[in-house]
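The structure under discussion is supplied below as C-alpha cells; questions concerning it will follow.
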Amino acid sequence: MAPEQRKLVTIVTESVIEIDLCEALTDLGASGYTVTNARGSGSRGIRNAGWSSNSNIRIEVVCDEPVATRIAEHLREHYYADFAMILFESDVRVLRPDKF
Amino acid sequence: MAPEQRKLVTIVTESVIEIDLCEALTDLGASGYTVTNARGSGSRGIRNAGWSSNSNIRIEVVCDEPVATRIAEHLREHYYADFAMILFESDVRVLRPDKF
Amino acid sequence: MAPEQRKLVTIVTESVIEIDLCEALTDLGASGYTVTNARGSGSRGIRNAGWSSNSNIRIEVVCDEPVATRIAEHLREHYYADFAMILFESDVRVLRPDKF
Amino acid sequence: MDPVIWFFALGIVAGALRSDLKLPPAIYDLLSMLLLLAIGLKGGVELARNPFDGLLVQVILVVAMGLVLPLLIFPAARTLGRLSRANAASVAAHYGSVSVATFAVGISYLGGRSIAYDSQLPLFLVLLEIPAIVVGILLARGLKEKTRWGRLAHEMFLGKSIVLLLGGLVIGWLAGPAGIVPLEPLFFDLFKGVLALFLLEMGLIAATEFRTLRQNALFLLAFGLLAPLPLAAIGALLGWSIGLNPGGTTLLAVLAGSGSYIAAPAAMRIAVPAANPSLPLAMSLGVTFPFNIFVGIPLYLAFAEWLHRL
Amino acid sequence: MDPVIWFFALGIVAGALRSDLKLPPAIYDLLSMLLLLAIGLKGGVELARNPFDGLLVQVILVVAMGLVLPLLIFPAARTLGRLSRANAASVAAHYGSVSVATFAVGISYLGGRSIAYDSQLPLFLVLLEIPAIVVGILLARGLKEKTRWGRLAHEMFLGKSIVLLLGGLVIGWLAGPAGIVPLEPLFFDLFKGVLALFLLEMGLIAATEFRTLRQNALFLLAFGLLAPLPLAAIGALLGWSIGLNPGGTTLLAVLAGSGSYIAAPAAMRIAVPAANPSLPLAMSLGVTFPFNIFVGIPLYLAFAEWLHRL
Amino acid sequence: MDPVIWFFALGIVAGALRSDLKLPPAIYDLLSMLLLLAIGLKGGVELARNPFDGLLVQVILVVAMGLVLPLLIFPAARTLGRLSRANAASVAAHYGSVSVATFAVGISYLGGRSIAYDSQLPLFLVLLEIPAIVVGILLARGLKEKTRWGRLAHEMFLGKSIVLLLGGLVIGWLAGPAGIVPLEPLFFDLFKGVLALFLLEMGLIAATEFRTLRQNALFLLAFGLLAPLPLAAIGALLGWSIGLNPGGTTLLAVLAGSGSYIAAPAAMRIAVPAANPSLPLAMSLGVTFPFNIFVGIPLYLAFAEWLHRL
C-alpha cells in the first residue's frame, strides 16, 4: 500500500460549538475527526480555558480535497462571522487511503 | 544554521497503548515524541474520553524519512488490525536538524 | 476569497515559560497562538506532566514568513540553550489571510 | 459577614492583580456538580419532610414570572443601553434566568442566621432557569423556522444544571431525611467549604470578565447594579403573595434579581450567535453577582421581612 | 433502597437521554482512588483489630476460585454465545475477575443494615483481581512465547487498583483503629458520598456501553443477566464453607458474580488485542453491574443468610 | 508514626516499581490549594484568637534569616559540591526558601501529640518563601540590568502559594473562631486525609526525581541529608530566642531545614535558566523531604524541647 495524499484541515474555535460542529463534519463527508482541548489568543481576545465559556477546542480532520472545500465553505457560512475561529489546511500522506 | 527538511508523523490512537507505543518509537530510532490527550470519532466509533478505556492520544514524532517509514511499518504490523488508529505524515522544517 | 499560503510554526517546550513566550510571540508580530497541554520525551529526558514543573506545552502560530523567521530567531537566542524545546515549521493554506 | 464571601473577594483581588492562581477546569466542574447536587438533595429531603398542597398554582406563577421578566428587561436594554436586538435579547435571557451561585450564597446566608426557607425553592430554581432563555431567543430571532428548537431543548433541558438539580431533588425526595444521612458528610457538611472554593474561582473569572466591560461601560455598570433591585422586588412580591415564608421570599427575590452565567450563555451562544457573549457575562458575573452577594441578599431579606410584617 | 443506587439510575437516565453531563476524567480518577484507598484502609484496620488464623488456607482456596471461574465461563461463552476464541477468553477474564464498584455497593448495602463482614474480604478482592486475567490470556493465546509476561505482570500487579487496595490495607493495618482516626473524615465519612458520585459516572458510562450491545445482543443480554447467579452461588458456597460470616459470604458472592471493568479491560487490550474490547465491557458494565446492584446483592445476602441457617 | 507518612512511603514504593499510579495534575492542584488555604485559615483564626505584640521585630528577624540562609548555603554548594555558579545559587534559593508540604507534615505531627504552636507560624511560612529566592537570583546573576524584576516580583508575590496562604490568613482572621465553623469540615476535618493523598503524589514524584540524581550523586545525597540539620538548628535557635513556644520553635526549624519545590523552581527557571532545574528538585524532594518527615521533624521537636528546658 503506497501512501497517498490527503488534506489535513485544522480548526481552532470555541468549545461551546463542539457537538454541532462535529455533527456537521460527519454530515459533510469526513470519515472522522480528532479533538483536543486548547487555549489561545487571536482577534477575539484571550481565551484561556479558565472555564467552559472561555475555552477552545482544536479539531483535525483528514479528508480528501472536496470534503476539505466543503468544510471550509460550511464554516465560512455558518460560523466565521460570529465565532472565534481559525481554519488552516495542509497536505499529508496517509497510510490507509481507503479510510479517509 | 539553515532549516532542514524532516518528516512529522502524527498518530491518533487508543490511550491504553501509550506506554508500549512510546517505547517502540524510541526503539525504532525516534529522538523524541510529543503526546496530547484527545477524543474523536472514526471507523471504530466515537471515543469521547469519558474514561480511560475510551480515550485517545495524539502522538507526534519529528524524524527523518527512514525512521518515519519504520514507524509506519511497525504500526501497520502490530496495531492496525486491532486498534483504533490513524497515522499521517507531512513535511516540516526543523531548526536544529542534529536533534532529530 | 482564495486560500493563501502561510507558515505554521509549532513549538513544544516547558510549560513554565508559557506566559513569557506567549507575550513574546505577540510582540514578534503573531496575530494569535493556540496552546495545548502535552507531555513527551526528547534530549532532555522524559517530561510526563505528573506535575507542573515537569509538563510541556505545544504552541502553534499561523503567521507569514518574516514573523516565522523572527520567532525562530528569538527562540534560538533566548531559550534554545537552556530549555527543553523543539520547533518546526510547515506550509499551510488559510482562509482569511487578512487575519494572520 | 458570611466568610464564604471573602473567598469571592480574594478571587477578585487575585484576578485583578493577574495572579497565576487558577482552578483547573476539572475542579470547577467538580465543585459546581457538588453544589447543584447538594441544593437539589436538600430541596428533595425538605419536600419529603413537608409535602405541601397548592404546588401547581405556585409553579405556574413562578414560570410565568420567568416568561415576563425578560420582556421587561428587553426594552430597557434596547432603549437605555442602545444595544442591538441580539444583544438586548441576550441580556434579557441572562437576567430573566437565574444564578445558581447566588442562590447558594443566599442559602448559606440564611443558614448562618438560622432562617428557614420553603422546601420548594430548589424546584423554583429549576423552573426559572429555562423560560427566560426561550423568550430571549424568540426576542432575538422571532419565530423563524431556522431555529433548531429540538437541538436547543436538548441543550437546555438536558444541560448539566437541570439534570443535577432535578436528579438531586428526586433522589433527596426518594431517600427522605433518614436515607440521606450517609450522604450528608459530602453533600451537606462540606457545602460551605465547597461554596467557598467555588466563589474563589468565580472571583477570578469575574475579575477577568470585568476587564472586558469597555464599550458601553457606563450603561453596563449601571444596568448591572440597578437591574437587580426592581427584578428582586418582583420576585419578593410574588413570593410573598404566593405565601412563601420570609426565607423563601428572600430566595425568590435572589432568583429574580440574579443573572445566569451557566445555562444562558451556552444556549444563547448557539441560538443567537450574533449576540456578543461577553457583554451579559461581564454584567452578570462582573457586576451583578458581586452586588448581590455583598449588598443585595441582606437587602432582599430585609425587604422580605418587612413585607411579612405588613 | 440504598440511596447511592439512585445516583447510578440518574446516570443511566442522563446518559440514555444523551445529556451533556460528564465527569471530567480527572474527577473519575480521584473518586476511584478514594474508593480503592477507603476499601483498603477499612480492611487493614479490621485486620489489625481482629487478627485471625487459617488465612493461608482461605487465600489458597480463593485464588483457586479465581483460576477456576474463567474455565467455567469460557466454554459457555464459546458454545452458547458462539464467540470467537479471543472474545470468549476475554469474557472469561472479565467475569472471572472482580468489580470494585460492585464490592463498594455491597459494603454500603451491608453497612446500611449493620451487617458485619469478615475483615479479610478486601484482601480477597485484591487476590481475585488477577488470576482470572492470566487464565483468560492463556485461553486466548495458549502458551505462545510471544506473550510478554513481564510487561503484563507489571501492568497487572502494579496497576492502580492493586497498588491502592494493597497500599491501603497495609497502611490501615499499620495505623490500626486509633491511628486511622484523623483519616476517617476523608476516607470513611465521605465514602458513601464519593460512591454516589462515582456511581453517577458509572451510570453515564453504562448507558453509553449499553448502546454498543448490538451484535449478539440477545446472548449478551442473557449472559450478562444470568451469569452472575451461578457465579455468585459458587462464591457464596466457598465463603460459607471456609467459615465466613453471612456478610463475608455475601461479599464473596458479590466478587464472584461481578465482572471487572478496570484491570481486565486494560490487560486484555494489551495481551489479546484481537478481542473486541467493548463486548465484555458492555456486558459487565451495561448489564451485570446494574443487575447486581439492583437485584443481585439483596439476593446474595438472602442466599448467604439461608446458608448460615442450615 | 503519623499514618500520613505511610502514604508518602506508598508513593515512593509505587514510583520506584514504576507503577502506573498517577494523580491527575488537576487533583494535585486541588490538593495543594486545599492545604495552602487550610494552613492559612488555621493561622488566621489563631491570630484572631491570640493577638500578640512584638510581631514587627519577629517579622524582621525571620525575613533576615531568609536572606542569610542562602548566603550560607551558596559557598558550601560551590566549594564542596563543585557546582557551577548558577547551580549553586539555585540550590541556595531552594534551601533558603521553604517547603509547604514539610510544614503541613510538621503541623500534623504536632497535632498528633497535642503540642500547640504559635499562631504567627503560617505568616512566617509566607515571609520565608521569597527572600531566599531573591538572594539566589542575585547570587547567580549579580545586579545585571537584564533581570526583569517586575516580571519576577509578579511571579513570586502573586504565585499561587503566597496568594492562598495570605488570603487564607486574612479570611481566617476576619472570620475568627466562630465564623470559621461552617468551613471546618472541608478545610480542617479533611486536612489529614488531603495531606495523605498529597503525600502519596509527592512520593510518586520523589521517586522519579530521585532517579535523576546521577551526576554528583554522592554530594547531592550527602548535602540533601546533612544540610537540613544545621539549617534547622539555626531556625530553632532563632525561634527560641524570639520567644516562640516549643511547637513554634519546631516549625521554624522545619521551615529553615526544608527546601522549596513550588515557588523556587518556577522562579529560578525563569530568572536563572542556566541552572539545571532537576538538581535542586531531586535533592529537596528526593532526599531532604523524606529525611525531614521520617527523621527530621521528631529530631527538631526534641531539640526545641531541649532548648526550652534550658
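A, B, C, D, E and F label the chains in the order they appear, each numbered from 1.
In the analysis below, a residue touches a chain if its C-beta (ideal position, glycine included) is under 8 Å from a C-beta of that chain, and two chains touch if they have at least 3 such contacts.
None of the values given here were measured: they were computed from a predicted structure.
Asker: Give me the fewest steps it takes to get from subunit B to subunit D if each step has to go to a chain it touches.
Answerer: Minimum step count, subunit B to subunit D: 2.
Asker: Show which chains lie in contact with subunit A and also with subunit E.
Answerer: Intersection of subunit A and subunit E contact lists gives B, D.
Asker: Counting one step for each move to a touching chain, how far apart are subunit B and subunit E?
Answerer: The fewest steps needed to get from subunit B to subunit E is 1.
Asker: Measure off the straight-line distance from the CA centroid of subunit C to the CA centroid of subunit F, and report it in whole Å.
Answerer: 34
Asker: If you average the CA atoms of subunit B and of subunit C, how far apart do the two points sit, in angstrom?
Answerer: Once rounded, the distance between the two centres reads 19 Å.
Asker: Using mean C-alpha positions as chain centres, tell me how far subunit C is from subunit E in Å, no decimals.
Answerer: Roughly 46 Å separates the two chain centres.
Asker: Which residues belonging to subunit E are in contact with no fewer than two other chains?
Answerer: 20, 23-27, 30, 185, 190
Asker: For subunit B, jot down the residues that touch at least 2 other chains.
Answerer: 36-37, 90-91 - these are the residues of subunit B that touch more than one other chain.
Asker: Taking all chains into account, which pairs touch?
Answerer: A-B, A-C, A-D, B-C, B-E, C-F, D-E, D-F, E-F
Asker: Looking at the complex, which residues from subunit D come into contact with subunit E?
Answerer: It comes out as residues 24-27, 29-30, 33, 154-155, 158-160, 163-164, 167, 170-171, 174-175, 179-180, 182-183, 185-187, 190.
Asker: State the interface residues of subunit C toward subunit F in the complex, per the touch definition above.
Answerer: That would be residues 14, 16-17, 20, 45, 49-55, 79, 81-83 of subunit C.
Asker: Please name which positions on subunit C make contact with subunit B in the complex.
Answerer: 10, 12, 36-43, 56, 58, 72, 75-76, 80, 86-91
Asker: What residues of subunit D sit close enough to touch subunit A in their complex?
Answerer: Residues 22-23, 25, 28, 151, 201, 204-205, 208, 212, 261, 265-266, 269-270, 273-274, 277, 281 of subunit D touch subunit A in their complex.
Asker: In the complex, go through subunit A and note every residue touching subunit B.
Answerer: Residues of subunit A touching subunit B: 3, 6, 8, 22, 26, 31-37, 62, 90-96, 99.
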